[in-house]
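Labels run A, B, C, D and E following the written order; every chain starts at residue 1.
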Amino acid sequence: MKNIIEYVWLVPLFPLVGFLLNGLLRNSLSKSLTGIIGSGSILASFIVSVLIFLDVKAGIDGPVIVTLFDFISFEDVSIPFAFQVDQLSSLFLLIITGIGFLIHVYSVAYMHEENSSHFARYFAYLNLFVFSMLLLVLGSNYVIMFIGWEGVGLCSYLLIGYWFKNIEYSNAARKAFVMNRIGDLGFLLAVFWLIGRIGTVNFGEVFSKVDSLSSLDLTAITMLLFIGATGKSAQIPLYTWLPDAMAGPTPVSALIHAATMVTAGIYMIARSNILYTMAPTTQTVVMVVGLATALLAATIALKQNDIKKVLAYSTVSQLGYMFIALGVGAYTGAVFHVMTHAFFKALLFLGAGSVIHAMHHEQDIRNMGGLSKKLKTTHLTFLVGCLAIAGIIPFSGFFSKDEILAAAFMKNPIVWALAAIGALMTAFYMFRLYAMTFLGKFRGTSEQEHHLHESPPAMTIPLVILAVLSFAGGLVGIPEVLMHDSHSLAKFLEPVFAESNRISVPHHPDHTTELLLMFGLMAVIAVVIFWAIGKYKKYEKTPEENTGFARILENKWYVDEIYEALIIRPVNAFGKMLGKFDNFGIDWVVNGVGRSVQYASRQIRLLQSGQVGSYVLLMVIGMIVLFALQVFLKK
Amino acid sequence: MNAIILSAILGVILMFSGIFLTSKTAIRNIATAGMALLLLANIAEQGGFLLFDVNTHNMLVFSKFGLLFNSIAFSATLLFFLVSAKDITNVGINAAEYFALIFFISCGIAIVSSFNSLLLLFLGIEIISIPLYILTGSDKRNLKSNEASLKYFLMGSFSTGIMLLGIALVYGAKASFSMEQMHSSINAGRNAWFYSGLLLVLISMLFKVSAAPFHFWTPDVYDGAPTVFTSFMATIVKAGVFIALVRLFDMSFVGSGYDWQLIIAIVTAATLFIGNITAIFQQSVKRMLAYSSIAQAGFMLFGVFSQNDFSREGIILYTLGYSLATIGIFAVLIKMKDYTFEGFNGLARTEPVLAATTTIFLLSLAGIPLTIGFFAKYFMLASAVKSGSHLWLVIFAILCAAISVYYYFRVIQSMYFKTGQAETEPVTPVFRWLLAGMAAAVIILGIFPNLVLQYLYF
Amino acid sequence: MVPVLLILIPLITGAALFAVKQEATAKSIALLATLLSLALMLAGMSGYIDAAQMTFNQPWLGGINSRFHFALDGMSQLLCLLTTLSFPIIIYSTWNNQYDDSNRFYGLVLLSQAGLLGVFMALDALLFYFFWELALIPLYFLCSRWGGERRIQVTIKFFIYTFIGSLFMLIGLIMLYFKAGGSFAWSDFLNLKMTSGQELGIFLMLAIAFAIKMPLFPFHTWQPDTYEQSPTAVTMILSAIMAKMGVFGLLRWLAPIVPSATFLWGDNFATLAVIGMLYASFIAMRQDDLKRLVAYSSIAHIGLMILAIFAPSYSGIQGAMIQMFNHGINILGMWIVVNVIEQKFGTRKISELGGLAQKAPVLTILLVIVALANIAMPLTNAFIGEFMMFNGVLGSTATKFGLAYTIAALITIILSAVYTLRMIQRVFYGETNELTSKATDISFNVKLSLAIIVVGIILIGVFPKPLLSLTSEVSADILGRMNLK
Amino acid sequence: MPINLYIFVALALFCIGVIGVLTRRNAIIIFMCIELMLNAVNLLLVAFSKMHLAEMGNAAPALANNGTDAQLFVFFIMVVAAAEVTVGLAIIVMMYRNTHSVDVNFLNRLKN
Amino acid sequence: MNITQILFWFLTVLAIGSSLMVITSRNPVYSVLSLIVTFFALSGHYILLNAQFLAIVNLIVYAGAIMVLFLFVIMLMNLNAETEPQKNKWLRFAGIIAGGCFLLVMVAALRDADSRAATAMTTYGETGLIQHLGKVLFNEYVVPFEISSVLFLSAMVGAVVLGKKE
C-alpha cells in the first residue's frame, strides 16, 4: 500500500463531492441527509488529515509533492496542479477539517429553521469553502494557493450574502469580496513578478532560488504578497470588511471569519518565510501594520455593542498579533497563535451563536444579561474562551500570546509595550462582553426571556470540544522558561522554518526577564478583568449616547465613512462623469463628424442654385484655378 | 468599324420604322433585335470578323480594349432595352425617334472608344451630346424636362467651345490632330500651348463625365430628364465618355512630361467630395442617384489618375458594375409612383423582388464585397495605390465611400425597416425575372470577376 | 474540404431559408445546420478527418493572383470552434423569442456565421477582406430590421464606422499586395522588406480597422448603442464572435506582418487599451441598462487582449488567444441571461428589477458562475486567459511600461468585480417588486444552453491543457515573426 | 503677322464670348455668345494652319501637317455648329412655347 | 505699316468692337446684327490668311444661314429692346471679372518664348483653296465626313421631335 500522503487529494475531494451533491440535489435531499453529507464529507477529510498528520509526524523526508495534472504550462513555465504535504500544511489540514467538522455539526442545528433547499445551499457553500481552504493550504505553488485564496474569498462572499433578501447583507458581501480582491491583486502581481524573475512559482524551486533575487525584487514580491495578506487577513487598510462580514450566519463567522480563512495570510507568509526573512524592510512593515491593526481594532472593540462585532474586532486585533509575530520573525509563534486562536475564537463565535439562537437573533448585548442561568453550557464554555483569549495561564491563549510578546520584546521593547497594552484592552473588552451577556440581570423583552433555552446537543457538544481544546491547546507549546524542551509545536515545525532560523537566529530573552514580563502582564490582565466584570455586571440601559472619544470608538474611528468619502464616492462620481463624457464627449465627436457632414451637405447644396449663369461662372472659376495651378506648377 | 456603321444604319432604320409601323411593340422589338445585332457584330469584330473594310486613314484604331468596352456598353444597352424599352415608348409619341437617337448615341460611343484623332473625338462627343439634348427634352409638356434640356444644351455647347479651343491649341503645338503625333518631337518647344490645350480638352471631357467643378449640369439634367433616359445617360453614355477620357489620357498626357497627376487628383477629390456630400441631403431618390453618379465618376477618375493595367481593367469592371446596378435601380425607380425616399417606405412588403434586387444594386454601388461594385472599387483603389503617389487621395476616397453608404442605405432603410405602402406601377413577372437576373449577375461577377477580366489578359 | 464545408453549410442553408415559409421549420433547420457545422468542426479537430482535408487551396482570381486559401491552424480552430459552438447555443437559447419573418432572421444569422468562419480561416488577404464584410452585412440587416427603437440611426452609424475601418484595412492590404510582388497570400506577406515608414503606414491602416471592430478606446462609441439596440441574439453574435475578429486580425494580419511597426507603436496602442479598460470599467459601474453594462464590460475585457498583444510576450499572446474563446462563451452566457430577463419582464433596467434569486434560483446560480468567469475567478476559464495575459504584459520585453500597464489593468479586475456584483445584487438579490414577483424560473432550453456554457467554463478553468497545446505552436510562430522570441 | 497676335485676338474674342455667357440672361444671346466662342477658335485654327504652312513651306503639300487639316477642322466645326443651332433653337422655341420666356433665370425649378 | 497690317488691325478692331456690341446691346436684334458684323470681320481675316474657301463658307453658313435663323427666332418671339431684365449687378460684375481673369490666365499660360518669332503666313499659301481642301476632305477625311452625316441626321431627328406638335 502506498503511503497515505499519496492520497492527499482525498482531503479536498470529499468536501468537493459534498458540495456537488448538496448543490446539485438541493431540491431533492432532505435536511438530515444534507447535514449528513455536509458534515460527513468533512469528517472523512478529517480522518484522512489525521492519518496524514500522523504520517508526517512520524517523519518525512522534506515536503512531499503530489502532482495531479499539468495545470497551466507555457513556454518554459510549468504550473502543475500539485499538492504539497509538510509539517505546516498537515497542521493546517487538521485545524481546518477538525474545526470545520465541528462547525458543520453545529450548523445542522443552528440552521434548522431554513427550508431544505436553502439548507442544502448553505452546506454546499460551506463544503465549497472547506474545499477552497484545503486547496489554499495544500497547493504546492503560489498559483494553486491563489486558487484557494480566491475561492475562499468567493465562499465568504456567498456565505455573507447567504440571506440574499436583505440588501444590507449583500452589500456587506460585496464589500468583503471587493476588498479581498484588492488584496488578491497584490498577490497576483507578486506571482507574475516571480514568474518574470525566476520563471517558477513552485514553492520548493522559489525558495531554493531565493538567492538569485535582488533585494529590490524580494522587497517588492514580499510587499505585494503582504498586500494580499492584508486583504484576506483583515489588516490595515483593508480590514473594514471583516466586521461587516458578521452579516453571515454565525457558524460561518466562526469558521471563516475567525478560525480559518482570515488566517490564510499568516499561512501564506509563514509558508514564504524565507522570502520575508531575506526582506527585512517588509518585515518591519508587516510588524508595524500588525501592531497598528492590533491596537486600532482593540480600541474599537471596547465600545461595540453587537456581540458579533466585538468578536470580529477582536479577531482583527488577534490577527494583528500574528502579523507582529511574523514581522519579528517568530513564525512558529504566529502559527501557534493561529492554532490557539482558531480554537478559542471558534468557541467564542459558536458560543455567541448559541446566545443569539437562544435570543431569537438578538445580537445587541445591551439587551442581554444574566444568561448564565439559562445557558449553562454556553456560559461555561464562553468563559473558557474569554480566559483563553485574555491570556490567562494555563489557557491556550497565554502560551501563544506570550511567545509573540517575548519575540516582540527582543525586537524592540516599545513593540512589546504597545502589544501588551493591546492585550490589556483585549482582556477588558472580552470581559465587558462576558459580563454584559451572562452576568447581571436580563434586559431583553419578556417574550425573549420566556423563550430562553439552552441550545440542542448538536450545538453544545462542539462547544465543549472546543472549550477543551481552548483550554489545553496551548500545552503543545510550553515555553522553554516554564518547562524544558516541551515546545513540541516548534520542534514539529522546525523543518519548515529551518532556513529562516538559520539566517536570523531567534533570540530569547533571558529567563528572568521573560518570567517577569509574563507574570507581570498577567497580573495586570487579571486586574483589568475584575475591573471590567465589576463595571459591567450592573450595566443598565441608558438612553444617553456616548460622547467624545467613546463616540469616536463606537463609530469605529469613522474609517468606513472616510473610505466612503475618499474612495467610493469619488469613484462613483468619476464613473458617472465618464459615462457623461462618453455620451457627450467622444460620441459627440463621432456624431459631430456625421453632423458636420450633413451641415456641409446643406451648405454645398446651395451651390446648386439652379441658375445656369452661376453654374458657368463656377465652371470658369474652376478653369481659372486649374490654369493657375498649371502655370504655377510649370517647371 | 462594324459597330459604327451598323449602329448608324440601325438608327436610320428605326427612324423610318416610325413612319411605317404604328405598333409601338414592333418598334420596341426591332430596336431590341437591332441592339442584339449590334452587339453580335461587335463581338464578331472582337473575333476578327469585319463586316466592312474601310480605310480610316488611321483616324480610328480599334483596340481590344475599346472593342471590349463596346461590347459591354452594347450589352448594357440591350439590358436597358429589355427592362425599360416599354418605358421609352411611354415617354412621348415619337418612340421610333427615341430609339433612333439611342442608336446614334451608340454610334458616338463606338467612335469615342476608338478615336485616334482629335477630330473624331470631337465628332464623337458631339454625336453623343446632341441626341442627348433632345432626349432630355423629350418630355415636351414637362417644364422640368424643358429646363433640363435647355440647361444641358447651353452648358454642353459652352464646353464644346472649350474643347475646341483646346484642340486648336494642341494643333498649334503639334501641327496635327492625330493622337500618334502627340508625343512627336516636332515643335517640342511649344509645350505651353500643348499643355494648355490638353488641359482645356481635359476640362471639357471632365464636364462631360460630370467631374467637379464642372458637374453642375448633372443633377439638374438627370433630375429633369425623363427617368428612363436619365438611366441611359447616367450609365452607358457616361461610361462611353470615360473611355474616351482614358484613351485621350493614355495617348497624350501619359509620357508627355506634363505633371497632370495633381490636377486630376484635385478634381477627383473635389468630385468625390461634392458628389457624396451633396447626395446626403437629397429628398428625391432620383436626384440622389444623380449626385451619386457624380460620386461614382469620382471613383472612375481613379482610372484616369493612375493609368496602369489595374486602372484599365478597373474601368471596364467599373463600367460594367456601375451600369448594371444603375440601370437596375432606375428600372425600379421608373416603376415607383413617388420618387422621394418616403415613396420607398415598405417596398419590401409590397414588392419583395424589387426591394431585394434594388438592395443588391445599392450594395454594389456602395462597393460592398460579394457584388461587382466591390471589385470595381477595389481595382480603382489598387491602381491608385500602385501608382504610388498622392496616397491622401486614396484615403479621401475611402472616407467618401463610407459617406456614400449613408445615402445608399437610406433607400434600403426605407424599403425594409420603415413601414409604409410603397406604390408602384404594375410590374410584370418578366420584369421581375429580368431584375433578378441582373442582381444575380451582379453577385456572380462579384465573386468571379474573372468572367469579364479574362478577356483582358489574352 | 473541411473549411469549404464549414462555410458552405451555413451559407447554403441560410440562403435557402429565405424560401422557407413556416417559421418553426426555419428555426429547426437553422439549428440543425449550426449543429451540423459544429459536428463537422469537432470531427475535424478530433482527428477523425484527415489533416490534409483541413486546408483548401484553389485558384480564384487568376489575374490578381488571389486564391481560395483556407486553413485551420490552432488559432483558427479555436475561433471556428467558438463560432460553431456559439451559433447553436444562440439559436437554441433564444428559441422562444418571436420574430416576424423569422425565416429571414435565421437565414441572415446563418449567413453571418458563414462570414465569420471565413474570416477565421482565410489565408488570402482579399478573401479575408471578403468575409470580413460578408459577416458584417447580415448583421447590419439583423440589427436594423429587428432591433430596438433607435435601431436605424444606431446601426447605420455602426455600419459606416466599421466600414471606414474596413476600407482602411483594404488599402493596407492592397499596399501589402504590391509590396509582396502581387500576391495576396498570407505567407507572402511575412518577411517583407519594408522601410519603417511604409511599415508604419500599413500598420496604421490595418490597426484602425481592427481597433474599430474590437473596439479599442476611443473608437468604441458605436458599440454600446449597437449592443443595446440589436435583438439580443444578434448582440450575442456581435460580442461573442464579431468582436474577436479584430483581435484575431491583430494576431494574424498585423503583428506578424508588420512586426517592427507593431513594436514601435505598441506602447501607444497598449496605452490606449489600458485607458480604455479603465474608462469602460468606470462607466460600467454606473450603467442602469443591462445591455450597456455588459457592453462596456466587454470593452474592458477586449482591452486586456489588445494590451497583451501590444505588450507582447509568449504567455500574453497565447493568453489572448485562449481568452478570445473564453470571453466568447462567457459573454454569451451573460447575454443569454439578459435575453431571458428582457423577454420576461420587458425591461433591461437594473433599477426596475430585483429579487429574482427567490423566483429563479437556477438562473441565479448559472448566472453567478458565468459572472464569476467574467471577473476571472480562478478555476473558471477566464482566469487562465487573464492570468497568462497579465503575466505576459508584466514580463513583456517589448515595452518599458509593463509594470504600469499591469497595475492599471489589474485595477479593472477590481472594478469588474464591483460592477458585476452590483448587477447581480440589484437584479437577483433583495426583495421582489411588482414586476418580478410573478417571475418563474427559466425554461429548459435556456437551462441547457447556460449549463453547456457553465460546464465549458469550469472544464477549461480546471483543465486548460487542450486549449494551451492547441495554441502553443501558433503563438510561438507569431512571436517568432515579431522577433521577440 | 506674328502668331501671338492671332492668339491674342482669338482669346479676346473667346473671352468676350465667355463674358457674354456669364452676363446675359437671354438664352438666345447666350447661345450667340457661344457661337462667337466657336468662331474665335476658327480664327485661331486658320492662323495656326498658316503658321505651320509657313514653317513647313509649300514643299510638301501632300503632308497632312501642312495646315490643310486645320482648315478642314474649321469646316467640321461649322458643320457641328449648324447642327447645334438646329437643335438649340428647337429647344429654345420649345421652352418659349411652354413658358413664354427665354430668360435663363426662370430656369430654376431644378436646384439643390 | 503695310497694307496687310493695316487691314489686320482694322479687322481686329472691328471684330472685337462688334463682338463687344453683341454682349452689351440690350436689344437682341442689335446683338444679332453685331454678330453678323463680327463674322464679316472674321471672314476678312480668313481672306487675309488666304483661306478663301472658309471665308466664303463662313459668310454663307454663319452670317447667312445661321444668323438669319437666329433673327427669325428672335422676331418670332417678338423680343424687343428692353424686354430682357438685367442680371444682378454683382453677378454681372463677377462674370466680367471671371472672364477677364480667364483671358489673363490663358495669355499667361500661352506665353511661349519659342513662338515669339513664329508668324502666320498671310496672303500666300495654297492650302486654303477649295481644290486642295476638297481633295484632302474626300480622301483622308472621308470617314469623319460621313460620320458628320450621322450628326446631321440626329440633329434633324431632334429638331423634328422637338418641333412637332403633339
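Going forward, a residue touches a chain if its C-beta (ideal position, glycine included) is under 8 Å from a C-beta of that chain, and two chains touch if they have at least 3 such contacts.
The structure displayed is predicted, hence computed values, not measured ones.
Novice: Which other chains touch subunit A while also touching subunit C?
Specialist: Under the touch definition, subunit A and subunit C have B as mutual neighbours.
Novice: Farthest chain from subunit D, going by the mean of C-alpha atoms per chain?
Specialist: So the farthest one, by centre of C-alpha atoms, is A.
Novice: A-E or B-D: which has the larger count of contacting C-beta pairs?
Specialist: Result: the pair with more contacts is B-D.
Novice: Look at all chain centres (mean of CA atoms) and spot the one farthest from the centre of subunit B.
Specialist: The chain farthest from subunit B, judged by C-alpha centres, is A.
Novice: Specify the chain with the shortest distance from its C-alpha centroid to the centroid of every protein C-alpha atom present.
Specialist: Per-chain C-alpha centroids ranked by distance to the global centroid put C first.
Novice: Averaged over CA atoms, how far is the centre of subunit A from the centre of subunit D? Could you give it in whole Å?
Specialist: 97
Novice: Using mean CA coordinates as chain centres, what's the gap between subunit C and subunit E in Å?
Specialist: Measuring from centre to centre gives 71 Å for this pair.
Novice: Could you give the separation in Å between the centres of subunit B and subunit E, each centre being the mean of its C-alpha atoms?
Specialist: Between these chains, centre-to-centre, one finds 32 Å.
Novice: How many angstrom lie between the CA centroids of subunit D and subunit E, rounded to a whole number?
Specialist: That gives a centre separation of 5 Å.
Novice: Where in subunit D do residues touch at least two different other chains?
Specialist: Residues 3, 7, 17-18, 21-23, 25, 30-31, 48, 51, 55, 64, 67, 69, 72, 76, 80, 83-84, 87, 91-92, 94, 104-105, 107, 109-112.
Novice: If you look at subunit E, which of its residues touch at least two other chains?
Specialist: Residues 87, 91, 94-95, 98-99, 102, 106, 109-110, 115, 140-141, 144, 148, 151, 154-155, 158, 162.
Novice: By residue number and range, which residues of subunit C touch two or more other chains?
Specialist: Within subunit C, no residue contacts more than one other chain.
Novice: Got a list of which chains touch which?
Specialist: Pairwise, the chains that meet the contact rule are A-B, A-C, A-D, A-E, B-C, B-D, B-E, D-E.
Novice: In the complex, go through subunit B and note every residue touching subunit D.
Specialist: Against subunit D, subunit B makes touches at 119, 122-123, 126, 130, 133-134, 137, 140-141, 143-144, 146-151, 153-154, 157-158, 160-161, 164-165, 167-169, 171-172, 175-178, 181, 186, 219-220, 223-224, 281-282.
Novice: Along subunit B, where are the residues that touch subunit C in the complex?
Specialist: So the residues of subunit B touching subunit C come out as 313, 363, 368-370, 374, 378, 381-382, 385-386, 391, 394-395, 398-399, 401-403, 405-406, 409, 413, 416-418, 448-450, 453-454, 456-457.
Novice: Could you pull out which subunit B residues touch subunit A in their complex?
Specialist: So the residues of subunit B in touch with subunit A come to 151, 154-155, 158, 162, 192, 195-196, 199-200, 203, 207, 212-214, 216-217, 219-220, 259, 262-263, 266-267, 274, 277-281, 403.
Novice: So in the complex, the part of subunit E that touches subunit A is made up of which residues?
Specialist: My answer: residues 87, 91, 94-95, 98-99, 101-102, 105-106, 108-109.
Novice: Which residues of subunit E touch subunit D once you look at their complex with the stated criterion?
Specialist: 4-5, 8, 12, 15-16, 19-20, 22-23, 28, 31-32, 35, 38-39, 42, 45-46, 49-51, 53-54, 57-58, 61-62, 65-66, 69-70, 73-74, 76-77, 79, 84-87, 91-92, 94-96, 98-100, 102-103, 106-107, 110, 115-122, 125-128, 132-133, 136-137, 140-141, 144, 148, 151-152, 154-156, 158-159, 162-163
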